[in-house]
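Two complexes, one shared chain (chain A), two partners (chain B, chain C).
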Partner chain A sequence: MINLTIDGKALQVKKGKTILEAALANGIHIPHLCYHPAIKAIGSCRICVVEVKPGPPRPQPACTTTVAEGMEVITQSERLQDLRRELVKFILVNHPLDCPWCDKAGECLLQDLTHELGIDVVDYEAVKVPPHIDYESRLIERYATRCVTCGRCVRVCRDRVGASAINFESRGYFTELGCGHVPLECEFCGTCIDICPVGALINKLFKYTARSWELTKTKTVCPYCGGGCNYEVHTKNGHIHRVRSQGSLLLCGRGRFGFGVLEAPERLHQPLIKKDGQLVAATWDEALDYAARGLKEVIDNAGPDALYGIGSPRATNEASFLFQKLIRAGLGHNNLDSPARYNFARALAGIAAVFGEAQVSGVALGSVKKGVYQSPWEVQEEAKGSGFPFVLGNAHHLSHADVILIVGADVTPEMPTYGWRIMDALKNENFRLVVANPRKTKFDRYANLNLRYQPGSERLLLIGLMEAVLEAQPGYSPHLEAEGFEDFKKTLLKTSLSKVAKQAGVKDADLRQAGKLLAQAQAPAIIFGHDLMAQEQGQDNVIAVADLFLLIGQPCNKGSALYPIAEKNNTRGVCDVGVMPNYLPGYQSLAEGGGAFAKLWGKPVSDKPGVTLEEMLDQLENNEPEAPRALYLLGGDLVRLLPNRQRTERLLQKVRFMVVQDAFLTDTARLADVVLPVAIHAELDGTYTSTDGRLGCLQAALSPNGTRPDWQIITELSQRLGYPMKYGSAPAIFAEMVQLMPIWAGIKEGHRWPHKKISVSLNGKFVPFSTEISIPGEGKYTLIVGKTLAHSGSYTTHAHGPQTIMPGAELKINPADAQALKVNEGEPVKISSTQGEITVPIAVTVEIPRGVVFLADHFSDTPANLLTSNSNLCRVQLQKG
Partner chain B sequence: MIYPLIKGLATTLRHCVSKPITLQYPEEKRQVYPRFRGHPELQVDEDGRLKCVACTLCMTVCPSRAITKITPAEGPNHEKYPAEFVIDLTRCIFCGFCQEACPKAAIALNNKYELAQYDKRVLIYDLEKLRAKS
Partner chain C sequence: MMDVERLETILTQYEGYPQDLIPILQDIQDQYHYLPKDELKVVAQRLNVPLTKVYSVATFYKMFSLVPKGRHELRVCLGTTCHLKGGQRLLESVSSHLGIEPGYTTADMQFSLETVGCLGSCAQAPVMMVDDKYYARMTIDKVTKVLKLYKE
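Coming up: the complex of A and B.
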């Protein structure tokens, strides 16, 4: 610690902090403009100048001068104020008096400085700068005239976002921010808008809609990807106008511009019931009675097992918990699952196979706290934990990893938060990044090594990597206690490295270099995502990843962990709170954990595992007697989401009665007998769990406008089904839920589980996996169905912002392939597979290798899953459309 | 004894013949000084366009919340203008803060002061009624 005084106030500050950081942390105000805590200080505006003793006889910038022992700092003096005043006057020379209609007014740093320094007249003159105003770019407007050239936007875009989309143009007095006098073509995350101290960058969705002081701010959690970003929604007169992240200001475009989903014209505000084959509007009571009657009829005729429950990764933890309670306690079986089965649940199952089931001991039940989101379980000194949850990484630690291997994931579109952490990690000069993906992704440009493997050959690549690790350091053995290593080497790692490399389509030398990097790593992390998990053999793929991690992982070092990417905001939460056929909430086994549940619920919990979503669909396909007769869907647009759309549609039609809760009339909801409109996003209270297990708390900012929160609908239905569950609010459900989940010990808002004080003992066993690679279908091209940065699920296709960036599906194709097909950019092409055909325009890009095409699955009018059969990969034929 | 009585009668008689100090309102209207603070109105420029840029400072500063609604909109040349502007004259206290706060001299109090109406709704002024007629 360093002792210093600022304005006579004695302070103790950590070594390495700057004077400005020390002052701001201790409530001492120093005027500043170009400094922002989220980015590196560059000391360009000089407004934060202070007198430093001992030191040079001239004022020093507080933002770049680090504290030293015995330093005396003066922040306010006549001389300093004069200097600051003159500096601000230079900025004001040409600053337009747009304040009355500039959206930044009221929260503008330049306005504040002008007031603070008492500047009433600018007694300088300079030539006018040309008014370059960019109205053309999508979602963002740029006013070069208002720019104060502080460089905040340039730095945040380059250093934190990693897009490097804007930079300074021209020199000296004529400097302006730009991107080559053309409209912006970037990630459209909009971070630059919020970091701009003035109104040089304007959010088009917010422009002219409200003044900054009229807005009510409510803290909540982003409803899109699994990153779980906390943000504020800004509302006025019951309408949402913008969202903004506190602190770092980082958000992706979906989060920042996707709030329009709330007021989308297609949203359902009234329940619908099926009459004569048509869905017609009904009152809530009618719809709930109709739903309960339909479900009861099936239960009475075919037994409670005939009702299958499908949760949704969009629902809150509380709603999901109640949902599984209704099935488990109300109906007495475990036949429930969520669409996470097709991706994230595979990751959990794969990691559990290698690292074992979740175990926790040494946690004690304390007093239940009502009305707050906090676990009553306290972590004791001797708390111990093992099993798969302890291998899952903490996003905040990802930047401490020294080698990150990204395999089968396009990180920024799937989970921007991991992307920002990788950008932080890149500041460490010993950090190495290995990106393995059939496509070129954003992080290729930052990677030390790119492995462009054949689609679907992930397991061969991972075998190759394991062999390369062993080859790089002969006698290499796992750092963790591991069983079956010798057998594993003999069976799976017996093929020669060059043969595996050839099969996977990568170079031997690259594989060897990657092996070397991984073998030398002290804190290796592996990120894997949708591309890898959504394949038919997704679980085998994850087992291969987990095996590799068992070989190289050192979880005792910060950052060394597995980072699977959950697709949606609460994918992890849905699995955590037990919307799974084989786990009770908190990954407790059905056989052992049931006691506590039975005691609290007053009903026994069946120890017979239910059928998974995949198995349930197979039962329907084969007309098995156990096949469900009724479905209760808490959202989850199965028809759009699951591979082989035609099959899903056909199978769902076989179900006698179907209740769907959703915000939109999705393709699945169209097949339902009752559709109950739900509250979403800023209309909800409750909690979400991010991909890395962090609890985010939602607060309702808007009225639900005719819709109802999921949990209320479930309680209403439960009363009508004869198993009344009564709760007054979301925190009341949370209190019951956490009481039953010892593994969530110590969790509260913003904290992650497992708790950091639980000591981890990890061991694993090498699990063999199939090395068969097959991509279904016939055709010259391999189609990858995946995610894009502009959209998240199908919700954002109803929001104006993301639709401006990507209004419809496009088939990404290599230029050579496009030329061979004689199709130009934007022209339609007919894609046909063994399952079906669709026509979409093409986007020519070198990101895609020859013979591969990529299609996003967000759009329901061009459903990508019409082509797939059981995986996100399939062979297709292309034809000029 | 009689003297005060005569004095009093004299005063009464004097007022019978002198000019009355009351005004025969509403037949006669009182003339006000140019700086009198009357009803708020929106000013127009020489081309007849509203000067208002919908900055809402007047609405923010209004102590009696008489300015109830300003809906901003974007014009064809990206200018900001009020698509809706509503002042509830029944709430207005004619303080003139709006005029003082306005950065564009777009709102000003005129010399009108009459507020008596059979229906209060007449006193809720929209953009058309607020536009200065001159």
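Coming up: the complex of A and C.
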């Protein structure tokens, strides 16, 4: 610690902090402009100058001067104020005083500085800079005249977001912000808008809708990806106008611009029931009675097992918990699952196979009553944990990893938060990044090594990497206690490295280099995502990743962990709270954990595992007697999201009675007998769990406008089904839920589970996996169905912001392939597979290798899953459309 | 339409590292007499440099231009010494001969006119440059002669 005084106040500050940081942390105000805590200080505006003793006779910028022992700092003096006044005057020479119609008014740093320094006259004149205003760019308007060239946006875009989409152009007095003399073509995250101290960058969705001081701010959680960003919803007169992230300012485009989904005209505000084959509007009582009657009829005729429950990663933890309680306690079986089965659940199962089931001991129910959204379980000294949840990484630690391997994931579109963490990791000069993906992704630019493998050959690549690790250091052995290493090594070495490299389509030398990096790493982390998990053999893929991690992982070092990407906001949560056929909430086994549940619920819990979503569809396909007769879907748009759309549609039509809760009349809801409109994120109270297990708390900011929260609908239905569940609010449900989940011990808002005080003892066994590689279908091209940055799931296709950036599907294709097909950019092409065909315009890009095409799966009018059969990969034919 | 081959002959002389940016831009400027948009995009992609960085560099240095320049570039020095020695009058003379203001290019795309701060040849003021050739101790009479050398 360093001792210094600022304005006579004695302070103790951590070594390495700057004077400005020390002052701000201790409530001492120093005027500043170009400094922002989210980015590196560059000291360009000089407004934060202070007098430093001992030191040079001239004032020093507080933002770049680090504290030193015995330093005396003066922040306010006549000389300093004069200097600051002059500097601000220089800015004001060119700054238009259009505050009355500038959206930044009220939260503008320049306005505040001018006021604080009492500048009433600007007695300088200079050549006017040309008023370059960019009205053309999508979602963002740029006013070069208002710019104070502080470089905040340039730095945040380059260093934190990693897009480098905006930069200074020209020089000296004529310096202005530019993006290459064209309309902005970037990630459209909008971080630059919020970091701009003035109104030089304006949010087009917010422009002229409200003054900053009229807005009511409500803290909640972003509903799009698994990143779990906290943000504030800004509302006025019951309408949402913008969202902002307070702390780091970082949000992605769908988070920042995707709020329009709340007020989308297609939203359902009234329940619908099927009458004569048509869905017609009904009152809530009518619809609930109708739904209960239909479900009851099926239960009475075919037994409670005939009702299958499908949860959704859209729903909150509380709704998901009640949902599984209704199935488990109310109906007495475990036939429930969620669409996470097709991606994240595979990750959990694969990691569990290698690292074992979740175990925790040494946690006890505390005697003190805890606050809202807090676990009553306390972590004790001797607390111990093992199993797969302890291998899952903490996003905040990702930047401490010294080697990150990204395999089968396009990180930024799938989860922007991990992208930002990688940008942070890149600041460490010993950090190495290995990116393995068939496509060129954003992080290729930053990677030390790119492995461009053949689509679908992830397991071969991973075998190659493991061999390369063993080859790099003869006698290499895992850092963790690992069973079956010798046998596994033998099987590995049966096939030569060059053979797998050839099969995977990568160079031997690259594999060897990657192996070397991974073998030398002290804290290696592996990120994997949709591309890898959504394949038919996704689980084998994950086992291969887990095996690699067992070989190289050193979880005792910060950041060394597995980072699977959960696609949706609550994909992890829905699995955590037990919407799975084989786990009770908190990944407790059905056989052992049932006691506590039965005691609290007053009903026995069946120890027979239910069928998975995949198995349930197979049962329907084969007309098995156990096949469900009724479905209760808590969202989960199966028709849109599952591979092989036609099959899903056909199978769902076999179900006699279907109840769907959703915010829109989704493709699945169209097949339902009852559709119950639900409240979504900013209309809800409750919690989400992010991919890395962090608890995010939602607060309702808007009225539900005719819709109801999921949990309320479930309680109403349960009452009508003869198993009344009564709860007054989401926190009441949370309280019951956490009481039953010792593994969530110590969790509270913003904290992650497992708790950091639980000492981890990890061990694993090497699990063999199939090395069969096959891509279904026939055709010259391999289609990869994946995610884009503009959209998340299908909800964002109802929001104006994301639609502006990407209004519809486009097939990404290599220029050479496009030329061979004689199709130009933007022209339609017919894609046909064994399952079906669709026509979409093409986007020519060198990101895609020859023979591969890429299609995003968010759009309902050109559904990508019409082409796929059981995987996100399939072979297709292309034809000029 | 972009002339792919013309650009390729420039790009293939370099290894494609980000630090090759300025030399490549210089080559393009020499050959094309400006930096065309589409070409810059390709350069950015090939060197793995953000397009904004390319523009930042291209607009920072005066030797680069984003608009087409004439076949010959005239630079009239207005540094202190040249200024004292009548640089301003020299500029006016060149300007009226070509019929363009500084910063512009003649309609036949033969000449562009620029002013510069100093050409480092103060002893021989007033100085002007045509492409990479210096013309020292210029007088208004000499302007016609010099320009004639470059007129087709």
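Here are some notes:
As a working rule, the second predicted complex is superposed on the first by the 874 of 881 C-alpha atoms of A that agree within 3 Å, B and C clash if a C-alpha of one lies under 4 Å from a C-alpha of the other, contacts with A are read in each partner's own complex, and residues count from 1 in each chain.
Here, a contact is a pair of C-beta atoms (placed from the backbone, for glycine too) under 8 Å apart; a residue touches a chain by one contact, two chains touch by 3 or more.
As the structure is a prediction and not an experimental result, all values here were calculated from the model.
Once chain A of one complex is fitted onto chain A of the other, the partner contacts of A:V121 are absent, as it touches neither chain B nor chain C. In the superposition on chain A, A:E169 makes contact with chain C only, while chain B stays out of contact range.
After overlaying the two complexes on the shared chain, residue contacts for A:A10 are found with neither chain B nor chain C. Using the contact criterion defined above for the overlaid structures, shared-chain residue A:M1 touches neither chain B nor chain C, since it reaches no partner. In the overlay built on the shared chain, the residue A:C99 is in contact with chain B alone; chain C does not reach it. In the superposition on chain A, A:A509 makes contact with neither chain B nor chain C. Contact comparison for chain A: of chain B and chain C, C touches the greater number of residues. Contacts of A:Y135 after superposition on the shared chain: chain B is touched, whereas chain C is not. Residues common to the contacts of chain A with chain B and with chain C across the two structures: none.
Of all the residues in chain A, the ones that touch chain B in their complex are 99-101, 105, 133, 135, 207-209, 211, 213-214.
Residue ranges on chain A touching chain C, taken from their complex, read 158, 163-171, 178-182, 444-445, 846.
Considering their complex, residues 37, 40, 45, 48, 50-56, 59-60, 66 of chain C touch chain A.
The residues of chain B lying in touch with chain A in their complex are 53-57, 60, 72-74, 78-80, 103-104.
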